Each structure stands twice: as structure tokens, then as C-alpha cells.
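First up is the structure itself, then whatever we jot down about it.
As written, the chains take the letters A, B, C, D and E, and residue 1 is the first residue of each chain.
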Amino acid sequence: MARTVIPFGPQHPVFPEPIQLKLECEDERIVGVVPVIGYISRGIEKAAELNPFRNNIFLCERVCGICSFMHALCYCQGIEDMMKVEVPSRARFLRVFWAELSRMHSHLLWLGLLADSFGFESLFMQVWRAREIILDISEMTSGHRIIQSTNVIGGVRRDIDEEMAQKVEEMLAQFKELADRSILPTILNDPTIKERTVGKGILTKEQAELLAAVGPTLRGSGVASDMRMTEYAAYKEIGFEPIVETAGDSYARTLVRVKEIYQSLDIILKALSMMPEGDIAVRVTGRPEGEVVSRVEQPRGELIYYVKGNGTANLERLKIGTPTFANIPSLLVMLPGCELADVPVITLSIDPCIACCER
Amino acid sequence: MAIIFIAAIVVTPFIGGLLRGIDRKLTAHMQGRIGPPIQQPFYDIIKLFSKSQIITTRSPLLLVYGYLLFIVAAVVLFALKQDLLMLILVLGVADVLLVMGSFSTRSPYSQIGSNRELLQMFSYEPILILASIAIYMETGSFLISRIQQPLLPTLWPVYLALLIALIILMRKSPFDISASEHAHQEIVRGIFTEYSGLYLGLIELAHWYELVLVLAVISLLWTAGVWPGILLALFSWFIVLIIDNINARLTWSWMIRTSWVAGIGLSILNIIGLRLFGG
Amino acid sequence: MNWIARSRAKSPWLLHYDCGSCNGCDIEILACLTPLYDIERFGIVNMGNPKHADILLVTGPANHPNYRVLKNLYEQMPEPKVVVVVGSCGCTGGVFHNCPNILGGIDKVIPVDVYVPGCAAKPEAIIDGVVLALEKLKNGK
Amino acid sequence: MTASLIGIAILFPFAAGFVCLTLKNHKARAGVVFLSAIVLIATSILFFSQGTFPLGYTPSHEWDMAIFVLDYLLMAYFLYLGLNDFFRNGIKIRNVSTIGLVLVQAISLALFEFSWAPELPITVEPALFIDHLSLIMCLIICIIGSLICIYGIKYMQDHEKHLGLEKTKQNWFFFYMVMFLGAMNGIVFANNILWLYFFWEVTTLCCYALIRHDETPEAIESGFRALWMNLIGGVGFVVAIILAFNSYGTLSLITLISNPTPFLLLPLAFLFLAALTKSAQVPFQGWLLGAMVAPVPVSALLHSSTMVKAGVYLAVRIAPAFWGTSLSAMIAVFGGFTFMAAAILAISQSEAKRVLAYSTISNLGLIILCAGINTPLAITAAIMLIIFHAISKGLLFLCVGNIEHNIWSKNIEDMQGLVRRLPLITGITIAGMISMLLAPFGVLISKWAAIEAAGASASLLSPLILLFLVIGSAATTVFWVKWIGRFLSEVPSTEGLKMEPFSPLYHTPVMLLIGGAVVLSILIAPVYNWLVSPAVGTFYLTTVSTQSWFFRSAIGCFVAWPLFIVLAAALVVPSLFVKTKPERIRAAYMCGENVEYDTPQFRSVADDKFELQLGGVYLEEDLGEKKLDKWFKVIALIILLVLFVVVLV
Amino acid sequence: MPWMLPTIMKNLFSRPVTRRYPYVKRPPFPEARGKLHFDTEKCNLCGACSRICPANAIIVDKEGRTIKYNPFACIYCGNCVEGCPKKAITMDILYSPPAIQKEEEVITFPPSTK
């Protein structure tokens, strides 16, 4: 039978970022996939050894613009661990606030892209319209729409006062109203969306565990694993239950993320209401020495920073383990057997972040 | 006759372009946006005509003219109230030439797009032919000039089937699989990938003709006076816009299933009905 | 002539290519398409296909594998075309200036017409940049 | 004059065939083939211009006797073939069914002739009857068949060179090829059903011999399959003869047709069975697909002017006899089903000749459908389809043969971008496909007439027929266009086209054929007036007028020549305007990872260059032979069964 | 299917949410991070900002008494603002405008009075 071998990417309208999938199809059925990564490899890990360790925060924030806060958080928590710094509890709550805010923004962004990948333009527009509210909150509280840049070693750089908290709550209510009205019912009920996602790209629980999937990809397959269960930052006080779906297909992963948007909304409101008074940062002096592994739950899954310091201003080694990289093996299991039209949907269902993946 | 001839060639693209402009405006409003000005399609086409030409291979360029000319021929045939079935076959010629054109470059996406376009033809052509036969059964002739009575009361299942064909022909969700209006799709504008500049403009122009032609065919279902037919066509067009905005794009296998089961099924049932209960 | 210039300025189609940015500018470009900013008001459509595009929006600094992709894409765009670089890292290298795999700004690979600074550039800035580019496009470059 | 022309048309090919058989020298044999081709073409044209039709002609009674004897000799030979295979290879479906069917045929014919028939041999006045339908068939056979034989001269040389044969078998090849034409002329001229039956069996013999020509196991298997499947038709023929004679007392075909009675339906149904085995309709399509192992001229001959056309000729010939009956409607359903089934199966085929074979089966189904609809417009469509299909299909087979001898492959996927490597022959092939596929060419005008006729048909089954018709024609578009797409799929290049060397024996026949297809399509009105209209008019009231060369029926109108002007404009205008300068040429879009503009490669894993591969759509999983073939056969058998039940009731 | 229908109908019959940007400008939030301004009065050209700038966007020339600030390299993080011992750097709430040429901004200081 005639075989088609085509490049899918790097410049492809489905992917905002460059990645190539070398697809082999028969008719339009995928029989083989080879991912080609490295298009946006910048060498951040190496560059981090050249910079002073405090400047690395800004570099880590720009590993990935969508989850920039998480990268900085993970890096700062690692350094704080290494230097035995006790972060003030208000700072920990603020970190949760921004972390969940960027999770919401990331999931909404992804939901829009998913809608666009199966040609549901009006849903894409609705989702991104709702997302603008979240970005406004981000700009209002941190000074920038996406790159919040509020982490420092020892705490956070900005505070949220009463008035601002009030405003945030109002805006979140506005967001919730919009999401409840137009986004949620469509995703839960629309038969054409289900046609495109249900049963597409199935990853069983066993496969997910074997291939070390992380994040919503893993939780969509029925494994309750979430780094927030390790109770970093203020998750212990706020309390956290992971969201799990069992079907393991694209729709399950979609549901996990949609539910997480609502969960994050609750966590943000809780964090705002429970936020204790106090300092937002402690002054950290000295230089990092030793090695440490720091883990946080990024919107896409588990993010790992391995940091090794040698007592100088520069780090000896920084290693970043990103969730997209961990999810690519699962993607390669999901894709064969599907149709070409499903490739964007399934690929997006792991929420690939190539910038993270390739650093 | 000469006046109709020239009017059909000259006026049709303006109507088509205007409809496209309103289409984009309405779609934008449905999505909560302002959208481009209504004359936007004309800006687009003039810009496309003025771009420098880059080409891959020669044959697509030759075939694009054929595509345009045959669609114009079909429009003229309609304006002169000729045979409806022949008109559909001529429309088929135009589409085949387009597909051949984008097959002519060894480019992954234009080939996949052409394959899909073929499957689209596979889906909508039977519906159009059956519709022409159903119209024949009511009027006793395939000639458009013989249609004098409102057909919608007896041919409403055919009308529903034609709506499916209209979605496919307007390249709208859920059947915009060969080259979508929505840019973020898996085959990069599929069938149009390798066309650029002037030739993309010609294709766009042909689309305007095609849009008006297909709407005109739908308007045949209600020919009491001028306005009811036009209103019916515009109503169908608006329905398609709404369907476009409330659906995800589906796969080609789903498209063939739907258009065959629903489209052909409805048309055939209608024809059986006409056969059994008079007509 | 006047009509052509007018139409060119009224109907710029975009091609977006991410050359290695952090994603921040990319999603801001996408955000420009969405209801709040809606650059389709200016006739701008995100095409995703170099052969249909008039404006190449590049984000991020150039690196080795991207270098040739960017060149290919630029070559496949028909004249008149303009290149808009979005983000500080695409303009000069920015925060990635000392990363080992980075060649530097996009202007080391293809001629750049408009630089949009920012990290990440705001949608407003991107719209301003594209409007600047339209002037160039109007005159047929 | 006419008598001698008839004699030449039938007997000369037999004689020329025997001469070919004895000649060992290639050049002399080629000369004989060439000569007989010219004689046949001249004969048919003279016949067309001289004769007044319809005319009856009865040769002397010795011929009746000769045919009576030869009939049994032929059956004896078939029996020998079956037994020979049985003793060599043991029990197999092919030899058992051959032996069984021959015995049934021989015994029932013998019983009939020796015990029931009043005289021996049964004579009919006139023995030969020639009207415009026969004349059209004769023109097709003589002109297209002869061109194929001429093409065969060079083709078989190359073919045997490629196979590396030491001893040429071309004398046998041309013996059967040329004789085939004579037998076909016999079929279309015969009025005595016994004569018709004899020539019918001769074509079966020729077909069998030509299919197994290469003597590979597959060829032998396919040859036997063709033999026994056609013998089923032979049995149908014998039964029809007996029944017709029983209820009518005569074997004059023309008498049967012009005086239809309800008694006649059963013999007609059996004649139809014979016709549809010969025309390889589903469920008997197996033999024609198997026949694809034969050399290309054989396929071309079988598909365009001989063999399968005999079947549809018979169907169209006997159509007036079952006008308005339920048999007619069932025949239309049967034909329509074949049209659809074969077109759908063709989509999943990747071998060029199999696609062509399915397309033939499909088009023959359409002709039978038209015969079944049985209105003047439908019969017009059927006859025009016979003409135009013969030209285009003969052409396409010859083209594929030529392509095969250039690339040594028959797989469609290997023909990618052939338009650059072999521009001349590929261009002609594409033109030939377009003539099968697009309005305003003859095949599409016929299809248009068929659809309108089906729509206008008063039968209660017409919605079913329409369903088959629309799905079938949509599927037809798919498999042709995707093949054309393979041809066209070329890589950007700054070099101009270079024509391949012109080879007269290869290229002249195809050029004549494509010229014929185009000219006849443009001249559809005169063609209709001179040929088709009288042929239809023998038994029907013609309803088509050709005022200002529009093809105008009572219910519709096809304007062919204005569309040709559009087509001409579509070819001329761009060639004036489109200028390709080398500096404007760019690579195809490959997501930015194209390597060079003139290589179909992209960069991928580990920065390596990878070949871009593009396969067509085959829908193997949904519409593949494996999945659908058996269902189609079952449904067709059921339709056939219903057909006979309807006739009996 | 109809689940999106209420939303699009509501959108169709209400005013679009689009902000007509170049004509209607929304003021940025007061906390927004934008272009840098150097206060020549307060600055003593110590070079701390240059050392801690992650993007190498500030080059301090002590002898020539100039600061070269490249807005096309600046990542608007605010690190220099916080790190300046004299609090001589402030951040505008407006972004740097796009330009056709990458021009560095050169801030020249009056000659030293000490």
C-alpha cells in the first residue's frame, strides 16, 4: 500500500512553536511517528552556569513564557532549600496565587488552541476572551501580562493589598460567569467536540505509568499524581485534591484541565482569603553550596530543577526536567493508528510546550 | 441574451465578494469581534493580484484558469436558464481542474488537500445530482427555464440535503476539511498551499462565482417572483454561517457518512415520495 | 496604483514563526487575533503558509536548526514582504545573549524591517509594529 | 458489393490470422497485420458509406452446415482443454467447471438439434442482418481493433525481449488477435442465433488463448477462469436458443425482437445472462480482472472493441424486446449495481490495469443500465457510451502499455510525476482520462443522458437506480482524478519539458485515438445524426434533436461545443499569459524544512535528508476489495436471482 | 451543535468586546513594567545595574559619563530598578515603541562636579 512520509512542522499553523513530527501514513492513517526536537534549543542550562545565580531567575522565567512563574518558583524553592532559607508565609500564599493564576492562563490558552486545532473558531475566541481577564489580573498584580516575574530568592517581589484583592475577586467572578455561560457547557456537551476527542489518543493507565507520563496526561489516565500533593508553598494550608479522569483519551485530558481551571479558581480565592499578614520576602545572603532537587507542578505536569552550587556566585550545574519532554513518549504511543486530522488534537492533548522541552 | 451573459459575468463576483465580506463580518460579530470591513475581500483580491508571482510548477497555473473559466461557464449557463444537470457536471469539471492543479506539485499538504477535496466531491456531487433529478420530477424538465412553481413544499428534504452540500461547497465547519477558512488546521490550507498571489486571487474569484451559483441553485426551490428565492438563498447562507460557528471540524470519514446517509438518504426518500405520491 | 497600495495596506496576511522564543510573544501574537484586540479589523489574517503571507512575524532569537527554516520560509514568501521581529530576544538576543546555541538577533539571518521590543511584547506593541510594517508594505518595499 | 464487404469483414480476419500463424518472419507477419488492419478499416468505412441499412443477407447453405459442424468442434476443443488440465493437475474448480459446463452445453445443444429441431442445420432468413447498431459496432471493431493490432506489432517485440523468450510465440498471438476481429464482426452481423452463438464461442476461445498467452501459472489460471465463466454465458445462450425456438419456432433474432410477447421474457433473460458474463458484470467480474495478466494489446482489445462489447451489444440489441417489462427494470438495477460496485472497488486499486478493468466493468454496467431503462434517450446514451468508451478505453490501455514499457511497472504509485519524464505519452493518457471523466466529452454527454433518462424512467425501481448512478459517478471521479494526480505530481524544476523520442508504432495509434475522442465529442451532433439516431430509430422513436448542434432531448439540453470553446480558452489563455521564469521558482511548502527546490526531500531526524513520499488515497480499509468484494458478489447474485424470479412469475 | 448557539447569538446582537486599540487606548495598570528612565541627578555611574542586568542591555561608561541603554535588548524585568543603590532608575508604565531601526538610547551625564 502506498505510504506517505511527510514533515509535520516545524513551521506549522497547528503548532505555535516549532517541533517536527515525521509522519508516516497509509491513506490518512498514521502508522509511524518520529519526533524531531531541538528547533528552539537555546542552551539555557549552560547559560545558567555563566550567570550569577540571582540573575538566573530571569533566565528561568524565560525557559517558557506560559509557565514562566513556575520555572522561577521551582528554581527559587531549590535555591532556598539549598541555602536553608525560611520563606515568610505570606510569600508562600502569594506564590500559590500567582502559580494558580498562571495555571489558569495556561490551561485556557491550551483550551483555545485545542478548539482551534479542530476548527472550532468561535470556541477559541470565547476562551481567549475569557483568558484576557486572567491576563489583566496578572498585569494588575505583577506588572506584566504573562511573565509575572515576581519571584525572588527568599520570597516574592510584589504584594497584593486589600483593595487589589477585592478587585481580583471581582474579576474572577466575572471570569467564572463567562466560563460557566459559554465555555463549560460547550465542552461538556457538544457532540462534534466529543466526536473529535472521545476515544482519540488513548493512553491506558499501565502505559501512562510505564512511560512516565506527567501532569494532566497522567491524571487523564486515572493516576492520581500531582506535585501539589507534596505540599510545597502554601498548598498544605489551603488543601489540595488532584483531579483524575479514567478514560485516558483526549477528552479525558481535556476534562482534567477544564476542571483544574475551576479548581485553580477556588485555590486562588482561598489563598486570597487565608493570606496571613507579614513580610513578603526575607533577605538572603551568601552563596549556594551543595545540590538539591526541586519539584513543582507546572500546568503541564511535574517540573524538576536539579541545582548544584559550589559556593561561588555561579552555579556549577542547573538541570531542568520538563513535563513536555516526559510526555513525548506517551505521545508516540497515542499517535499511531489515528488519522492525520487527529494528529493536532492528540498532540495538543498533551499540551506540548516546546520551549520548556528544549530549553 | 447578450446582456444577461455579460451581467452574469460582471455582476456575480461583486455579489460573491460582498457576501464573503458580510460573512466575515457576521462571523466576527458572532465571536464577539468587530471583524474586517465589508469590502475586505476586494482589498484581499486586489492585493493578491498585485503580488509578485512565485511558482512551483507550471501546470497548476494553467489549470487555475480552467477552474475559473468553467465556473464562469456554469454561471452563464445558469443565467441563460440551461440544463441544471449539465450545470452540475460543468461545476464538477471546474472542481476537478482545481484538484488536478493542486495535485501537480509534489508538496505534502497540497496533495493531502487534493485527496480530501476529491472526497468532498465524492460527498456533495451525488446530492446535487439527486436534487436536480428531484426538481425534474416536479417540473418535468431539467431546464431551469421550466421551473415556475415554488418547489419547497414538496422538496424540503432535498433542500435539507442541499444545505449539507452548501456547507461543503462553502468550505465551512464541520466539513471544511480540504482547505479551511480557519487558518489553524492540520493541512495548512491544504489544496491551496502551493498557490500564491495572482493564482490564489483567481481561485478566490472563482469561489465568489461558485458561492453565488450554488446559492442561486438553492433559490430555484422557491421561484414565485424574485424575492422569495433570494430570501431563501440568503436564509440558507445564514444558517450555514451559524452552523459553521457552532461546530468543530470533523474528519472526512464522518463527512462522507453524514452526506451519504443524511444527504443522499433525504434526497432519495424525497424522490421515492415523489414517485409514489404523484409529482 | 493608488488602489494597489491601499489594498496592500488593508490586507496584510501574517505568517508567524517561532524561532526559539520562550512562547510569551507567540501567545501574545495569538492574543492579537482574539476578540479583545481583533487585528482582523485591519484585514490581518494569520495564514500559517509562507506562500500566502505578506508579513513574517518572527519571535525569538535565531539558532542553528532554525536558521535554515527561517531562510526557507522567507524565500517562499512572494514580494512585497516585510519582516517584523517581535520580542527583545529576536531583536538582539536579549536575555539569551549568552546562550551557547544562539546566533543572535533575527537580522543576522534575514533582513528585518520592524523591531518590536518587549519581553514579552504586549499585543498593543505588536499591533503598533505591524502598522509600522504596513507603511513599508504599501510602497511595495 | 455489400455482400463482399460483409464477407471481407468476417472472413478476411480469419484468413489473415491463419497466414500470421504460418509466418515465422517477424517483418512478414507485421506486414500481414498491417495489411489486414488497413483492409478492415477500409472495409468498415466503405461499408458505412456505401450501404443502405438495415439490410439482410443470406449466404449459401453450406455456411450453415459449416457453422453447425464447427460449433461441435469448438466444444470438443473446450472439452479437451478441460480434460487435459484435469489429467495434468488433478481436480480443480477450473477444469471441473469447464468440463461440466461444456458437457451441459454440448448435450443440450445436441439434444435440441438432433431430436427437436425440424431440419438440420436450422436455417434462418436472413442469416445476417445489419442495421446501424451493427454498423457502429463494426466501425468500432474494425478501426479501434485494427489500431490495437498495429500497436501490438511493436509492443510484442518489446514484451518478448523483456521476458527473454527464445522462441517467439507472436504467430499465435496475432492469429488470435486478428481472428478475434472477424469473430466480433460475425457476432454483430449475425441474425441466426445459432450463428451468433458460434461466433460468441469463438470469441471465448480467442479470449482464453490470448489471456494464457504468456503461459505463466497465473496466466493459465486466469485463462481458464475466463473460459469457464464465459461458458456459463454459453449455457445461458443454449438454453435461450432452445426456449426461443420452442415458443417461437424461429431463431431469427430480429423476428424475436420486433414481435415481443410475454413468452419471450425467459429466453431473453437467459440471453441477458450470456451478455452479462461476457461483459464481466458483477458477480462475473473475476475473469476480466484476471485477464489483466495478458499483454496490454490483449487487454486493450478485450476492453474496447471486442469481447466485453459483445455482451453489451447483445443487451442493447435485445432491449426493444423487453421494453416496458419488469425484466427491463431489473436489468437496469443490475447494471446500476455493477456500475456503482465496480467504481467503488476501483478506488482501492493501485495497479493501473486493474483500475482500467474496473472502470470498464463499471461503464459496461452503465450501458446495461441504459439498456434496462429502455427509453429512446437511454438507448441513445447506451450506444454513445459504447462508441466513446471503446475509443477512450482502447487509448488508455495502449498508453498504459507504453508507460509500462518505459518504467517497467504498472503500479500507479510508480507513475508519480511522469508528466515530466514522458510528457508526450503522459499528456495523451491524461487527455484520455479526461475524456472518460469530464464534460463535455462524449462519455460524459452519454452519462448525462443516462442520468436524465434514469430520472425520467417511469419504473418504481428508478430511485434505486438513481442511487447507484449518483454514487457510481461520484466514485468514478475519485479514482480517475487521483490517478491523474499521480501523473501530474512533479517536482519544481527550472528545466523545460523534453519530449521523449517519438516511436511511430507506439504513438500513432494513441494519437489517432485521442484525436478521434476529441473530434467525435465536438462533432457529437453529426455523429448522433449519422450513426446513433438511425441505430436508435430502428426500434424506437428518437426524441433528440440537434438544432444548432446542441444535444437537445425532450427533457433537457446539453450544449457541448460552447463548453469546448471554454475548454480551448482554458488551454490557450494561460499558455499566453503564464510565463515561468526560473528565478520565480520556489520549493514546495514542507513546513520550512525543504532541502533544495528541485528535490522532493525534507530535513528531519538528526538533520538528515528524507525522501518525501506521497501516496494517493486508497481507502483500503473502508472500500477495499477484501472487505466489499464478497458482499458485492452476494448482492449481485441476489439481484440476478430476483431478476429470474420476476421473469418466471 | 446548539451548545454554542446561545453564546454566538448573544455576541451577534450585543456590542463586540473589541478594544479599538490604536484609536482607543486603555491606560496600562499602574504596576505595569515598561521602559527604563535614568535619573542623571541621582545616578553616580556605579555600574551595578549593568552588572546585574540579565540581558546586558545597560552599558555604563564611567569615563565617558554615559549610559547606553538598549530597549531592544531589555527584558523589562525591573532587576536594575531594585538593584540600584541610589534608586536612580525608574520604570515607565508604557512599553518601548516598535521601530524600524534598532537604536540604543544614550544617556549623557553632565561632567562630574566633584
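We adopt the following convention: a contact is a pair of C-beta atoms (placed from the backbone, for glycine too) under 8 Å apart; a residue touches a chain by one contact, two chains touch by 3 or more.
All of these numbers come straight from a predicted model, not from anything done at the bench.
With steps allowed only between chains in touch, the distance from subunit D over to subunit E comes to 2. Here the chain at the heart of the structure, going by C-alpha means, is B. Counted by C-beta pairs in contact, the busier of A-C and A-B is A-C. Distance from subunit E peaks, on a Cα-centroid basis, for D. The distance from the centre of subunit B to the centre of subunit E, with each centre set as the mean of the Cα atoms, comes to 50 Å. Rounded to whole angstrom, the centroid-to-centroid distance between subunit A and subunit E, based on C-alpha atoms, equals 27 Å. Rounded to whole angstrom, the centroid-to-centroid distance between subunit C and subunit D, based on C-alpha atoms, equals 59 Å.
Centre-to-centre separation between subunit B and subunit D, using Cα means, comes to 35 Å.
Annotation for subunit A: residues touching 2 or more other chains are 4, 6-7, 10-13, 28, 51, 58-59, 61-62, 113, 120, 122-123, 125-126, 129, 144, 190, 192.
Counting only residues that touch two or more partner chains, subunit B has 28, 30-35, 52-54, 108-109, 115, 183-184, 188, 193-194, 245-247, 253.
Listed for subunit E are residues 1, 3-4, 8, 16-18, 20, 54-55, 75-77, each touching two or more other chains. Inter-chain contacts occur between A-B, A-C, A-D, A-E, B-C, B-D, B-E, C-D, C-E.
Subunit A meets subunit E in the complex at residues 51-52, 54-55, 58-59, 61-62, 120, 122-123, 126, 129, 136, 139-144, 149, 157-158, 181-182, 185-186, 189-192. Residues of subunit B touching subunit C in their complex: 24, 28, 31-37, 40, 42-44, 46-47, 50-54, 183-184, 188-189, 192-197, 200. Partner subunit A is touched in their complex by these residues of subunit B: 27, 30-33, 108-109, 112, 115, 173-174, 176-177, 180, 182-188, 245-254. Against subunit A, in their complex, subunit C makes its touches with residues 15-28, 30-31, 33-36, 46-50, 60-61, 63, 65-66, 69, 73, 89, 95-96, 98-102, 119-120, 122.
Within the complex formed with subunit A, the subunit E residues making contact are 1, 3-4, 6-8, 17, 28-29, 31-33, 52, 54-55, 75-79, 82.
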